[in-house]
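Two complexes follow with chain A in common, the first pairing it with chain B and the second with chain C.
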Partner chain A sequence: MESLNASEEEIRIFLEEVEEQLELLETGLLKLEREGTDPEVLASLFRAAHTVKGSSAAVGHQAMAAATHALENVLDRLRRGELHPAPGVVSVLFRTLDVLREMKADLAEGKEWTGDLGPLLRELRQMAETPGILAEAGIFFDEPLEEEVAERLREGEAQGLVPLKVTVRLAPEAIMPAVRAYQAYEALASLGEVAGSRPSLEEIEQEKVEAEVVFFLLTREAREGVRAAAASVPEVLGVEIERLGLSPRVAENLSAEEPGSPSGAAREASLGGGAAGDNRTVRINVEVLDRLMNLVGELVIDRTHLARLSTLLGRFEEAEEEIRELGRLSAHLARVTGFLQDEILKARMVSIDRVLKKLPRLVRDLSRSLGKEVDFEIRGEDTELDRSVIEVIGDPIIHLIRNALDHGIETPEERVKAGKPPRGKLVLSAYHRENQIVIEIADDGRGLDAEKIRRTALERGLLTRERLEEMTERELWQLLFLSGFSTAREVTELSGRGVGLDLVRKNIEGIGGRVEVDSHPGRGTTFFLYLPLTLATIRALLVESGGQVFAFPLSGIVETLRVTPGAVKKLNRREVMEVRGKVVPVFRLDEVLCLPSAEQGNGSGYAVLATAGGMETGFVVDALLGEQEIVIKNLGGYLGEIPGFLGATVLGDGSLALILDVRGLREPLLN
Partner chain B sequence: MAKVLVVDDSEFMRMRCRQLLSGQGYEVVEASNGEEAVARYEEEKPDLVMMDITMPVMDGITAVREIKKRDPQARIIMCSALGQQAMVLEAVKAGAKDFVVKPFQPERLVATVRKFLG
Partner chain C sequence: MSEEERCVIVRVGEERYAFPIRQVREVVSTPSLTFVPRSPRHVAGVMNLRGQVLPVVDLRKRLNLPEEEKRERKVVVADWKGEVVGLLVDEVEAVGEVAAAETEEEVRGESWVRGVARSGGHLVVVADIVSLLGEESRGIS
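Right, the complex of A and B next:
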């Protein structure tokens, strides 16, 4: 954007930083509201506001700098215990946060924020009761400075001097603090130029000095030299030095030319609370990671191909040395490729916290507007997932949370009537299980109503009465995920118009995951999202049917069985199989896909028992070829989205195999 | 041996300072007002001056200025009473290095002198 003095890259980093800090602010404000004044929370709030103020001023986002500056002042008063976090105060802080989000969103879209900051600033200022918080001209620097001082510091900086804020603490028992302050001034002035001080030099001469004096120094001297000079003054207890102005981030980039080491304070601020402080990290563009992942995917394919070739060659007993060498090389390449793949996967892992952070606020706002009382708890927020998975699951999770608040948890009155505590409980847990990440969203609300689901399914003509009668409760629950199914008595603004759960299902299955629901009437409902660790590769079972090779994603497979002649029986004109006492519908894969049948015909071969949406289905295939890691490739624009197929993969011998989508295959067959 | 010029119009104060500093091994010379102090400074070239502020003939601040004019390197410590902050400030601006407050605490005085003379 033209109005900002920052490159596109800088703005991108700026936006990321702002997002992190806004999330910290939000978490902090929620805590402040819930738990009242906690010094640690207030300190982190203050730091976050401070960081955003610094960076937004550095990129020249005046409105954001002004808002965060005003916010910082209020937080400072809260921090010092001069202001009580009354609901009115907190709600203005929340509003400030919302405005900051708007600004950020507009900047992300390259738009100028055009809102009116005036009223909000007035409110914040009133709370801060500090005159002159909008020293507009001085905002370039971290400090609200008098215009001449700011001007001089800017000039000095342009001349290659480093602007430092030197805070000198005097002994409280000092008899003549003004003299000490003046001595400190002289000591610092001998190292450069004192552009200003607080109290000013005139005030010092008028003996208006208390325990702390702040000097704004322009110098080429290293910090240690500055510190030593100020500390040489008698009765000086402490000296703090901070690099002034600029965003801490820019300051850090400049630190190479800066004398001395960056102060602890500056470093902490630059890293948003210091969380990442000790990790040596580099920010990488996601696109670069995506490309790396794709390249590794190609390598994985070649690896498999190469391994196959060298096995073929190696079969000859009298294999030449060169061929054996090729075999060793191929094995080594396979190992290295595996490591590379693991590392890149790791690099793409992001804590799920990123998605979950927004939720407490959402729950708070929603439950209020619905007149419900809810305790919301998040477990396992440090669980890691692939970036691309994280991007997809945000909306489904929000949807399920809304659902739980809207339909699951009852009003306090209803709950008391049902003999439950008036406050509902909503728990989101994320955890790693086998090769999947599971996210559970559990409420202790009224649970699902089996009778109503049956009725609705019948009304919508989704299933026959007989079929509905024979369904177990667990199977019934899964009907919620069918398109056009909604049990909400009224369509509320919150949960949308019955496009809810089927969309959740589509999103999750679209990334190779699965959704399930379990419910106990009167006790609550739990949704389970099973997510793949990554989107780029999956473990798959390769099968042969009708002379072609197909891949079943392993995540949906329950088991495989040898099909003996006669095991497949007819029931209601449908083919079924009895598996451990359960009757499961079975289909011949070649028939489903209209492929030429293999000679043996008559139902022998193998059955792959796959699950989707809580229902098991068997697919009879001619042969099982084994398990393998495969790289998912899109079918591409020519073919579009074909129901029943997730994509394609290249096999070791260079041939193609289609990846099957169990639910897509089954849906037309059952109706 | 380091030499200290003690400037005070009170003989009692000069005596106390002399006793204290001699006891620490310093050589002490004296002056009873600012004018005398300037003359003694030129004669004796002391390593340190302890300068009272309020004195007849020439006050301590003027004496600091005069001495600094003759020797910019001169090391001068002001001896002041409580409530003379503005004057001490004035003296510091004129070039005084530090100050001690009367009535002296002996250790304080010695510590301050030591800081400059070792």
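Right, the complex of A and C next:
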């Protein structure tokens, strides 16, 4: 962008930093709204606004700098207790946050933000200038102060003076400490106003002075000037100066603002933000991580082939020394590759918090617009997931949350009528289970309506009446995930677009995960997302059909069976097989895919029994080629999404095999 | 009136086409293609281009040219909306400067034809790869 004086790389870093800070702002504002004034929350809000102000000024984003500057002033007043976080105030702050997000989004797309900042700035300024709603004593200064002193400091600060705590250490051998203390008092008083001291002036006059004297000074003088003045007193060993009223970290950030502070300019210009000081971590471009991961994926596959080759070669009893050496090398390479894979996986792990941070705000806004009252709780927000998984699950989670608010949780009146507390409860929990991450989204709303689901499925012609009658509730719930299925009573702007849950399912299954739902009428509904720890590689079963190799993700396979002639029977014009007393629909894979070389099947071969959405389906193939770790590559934008395929993978001989998506394969067959 | 442009000239059956070299990444010989069921008829399949999945369009089918028993096969790897797509042709004949002469509307026919030029004693159709492949994704939704 020409309007900014920053390189593309600087803007990229800037955007990342702004995103982090905006998330902090959002978390803080939600807390502020819920819990009222908390010095720590206000300090973190102030810090975030201040950081964005500094870095947006540094890249030359004037509008963002202006907005954050005004925001900072309001937060400062809140922090000092001069302003009460009334709903009106907080909602202006939320609006400011939204505008900042817009600016950030526009910048990310290379567009210039063209909104009008005027009205918002006026509102913010007005709030920053509203004359003193004074704080209750104590919450402003983290220093326990006499009320008089605190009061005077607040007033002084309101007049533009900086309140400082000046600690003067006297030499222990000083003969007249009280005289030195008094001299220090006079030196400081010449620079401004000493609002109080410890010991007090009276005590100093009564010679009750020990090695340390603390002065509370209001001044316009820079720290260095204050230090010099106090240090000029004989027998003063040291002078410490602290800005008052803030936690130490905020005070440090603020030093940039003090008049004459030499580090101020440099700090404002710094782009690195909080990360700059921590030399144990580096920021790394996600694309680099992705490439590393892909390369390791290739390596893992080569390792498998190499191992197989060297086993083959090693079978010869009198293997030559070179061949045995090859075997040893291959084993070592396999081990190192394994470690490398683990480490890169670790580097890609990010806390799920990244996705969940946005949710409290979403829940707040949505439940308000729906006229519902909801307590939202997040558990396990520090659970770690692969970055690529995190990227995919954002939308599905938001969708399920919307769904719960829209259709699950009832209005306060309905709830009271049903004998429930008027406030609904929505809990999102994330946790590890075995080799998976589970995300549960549970509401205590009305639950799913089995009868209604049966009716809709029948109306849409999805299943026969008999089949619907014999289905368990759990199986019925799964129907919600079929395309085009929606039981929403009214189509709302939020989630009733009929493309809801099937999309959630598609997204989650697209990354090798699984969606399940459990519900109890009147007591609520819980959605479970089972997610893989990584998307880098999946285990797959390679099969041959119609002369072509295909890969079935192992996660969806129940078992494989040998198909003997006659095992496949006709039932109601459909081919079925009996597996352990269960009747399962069976299809020939080459017929399903209309493969050009499909021979007339004689019913023999192997059946791969696969499951998706709680339903089992058999696919007859010509041969099973074995299990393998594979890397999923998508088919690219030109082909787009082709139902039945998740993507392709590179086989050991360099050719490609298509990865099958059981649900996509089956869906057109059942209709 | 058109300016000269450096083009890759390919042959499909008896027809010759010139693709602007700025739209072409590389040419791959004797590709090993994997058929993609349920894809449009003119998609020859996908191939492994150094670990990347490359969709390949059969130019003969795309242009509705008659099938031939035996054909040499080359894949012209072209840029398509930030990705790469392959075009299956019989032969890559030359790379050279081509100036597309203005043509009558009837000859142009399709939007991807930018003109006709003469090269190496043949008439060649100067084509725009992106409009030949279409702006939209070819997948079935």
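Going forward, the second predicted complex is superposed on the first by the 405 of 671 C-alpha atoms of A that agree within 3 Å, B and C clash if a C-alpha of one lies under 4 Å from a C-alpha of the other, contacts with A are read in each partner's own complex, and residues count from 1 in each chain.
By our rule, contacts are C-beta pairs under 8 Å (C-beta built on N, C-alpha and C of every residue); 3 or more make two chains touch, one makes a residue touch a chain.
Everything quoted here is computed from the prediction, not taken from an experiment.
> Between chain B (first) and chain C (second), which does A:Ala648 come into contact with in this model arrangement: first, second, both, or neither?
Only chain C is touched by A:Ala648; chain B is not.
> Looking at the overlay, does A:Gly160 come into contact with chain B only (first), chain C only (second), both, or neither?
In the superposed model, A:Gly160 contacts neither chain B nor chain C.
> Touching A:Gly626 in the superposition: chain B (first), chain C (second), both, neither?
neither
> When the two structures are overlaid on chain A, which partner does A:Gly110 contact: first (chain B), second (chain C), both, or neither?
neither
> Does the superposition put A:Leu639 against chain B (first), chain C (second), both, or neither?
It touches chain C, and chain B stays clear.
> More residues of chain A in touch with chain C or with chain B?
C
> Give one of first, second, both or neither to describe whether A:Gln183 is in contact with chain B, with chain C, with both, or with none.
first
> Does the superposition put A:Gln548 against chain B (first), chain C (second), both, or neither?
Only chain C is touched by A:Gln548; chain B is not.
> Which part of chain A faces chain B closely enough to touch in the complex?
Touch residues, chain A against chain B: 175-176, 178-179, 182-183, 186, 204-205, 207, 234.
> Along chain A, where are the residues that touch chain C in the complex?
294, 298, 548, 593-596, 633-645, 647-648, 650, 654-658
> Could you pull out which chain C residues touch chain A in their complex?
Residues 32, 34-39, 43, 46-48, 51-55, 80-83, 85, 133, 137-141.
> Under the definition above, what is the set of chain B residues touching chain A in their complex?
80, 82, 85-86, 88-89, 92-93, 98-99, 101, 112, 115
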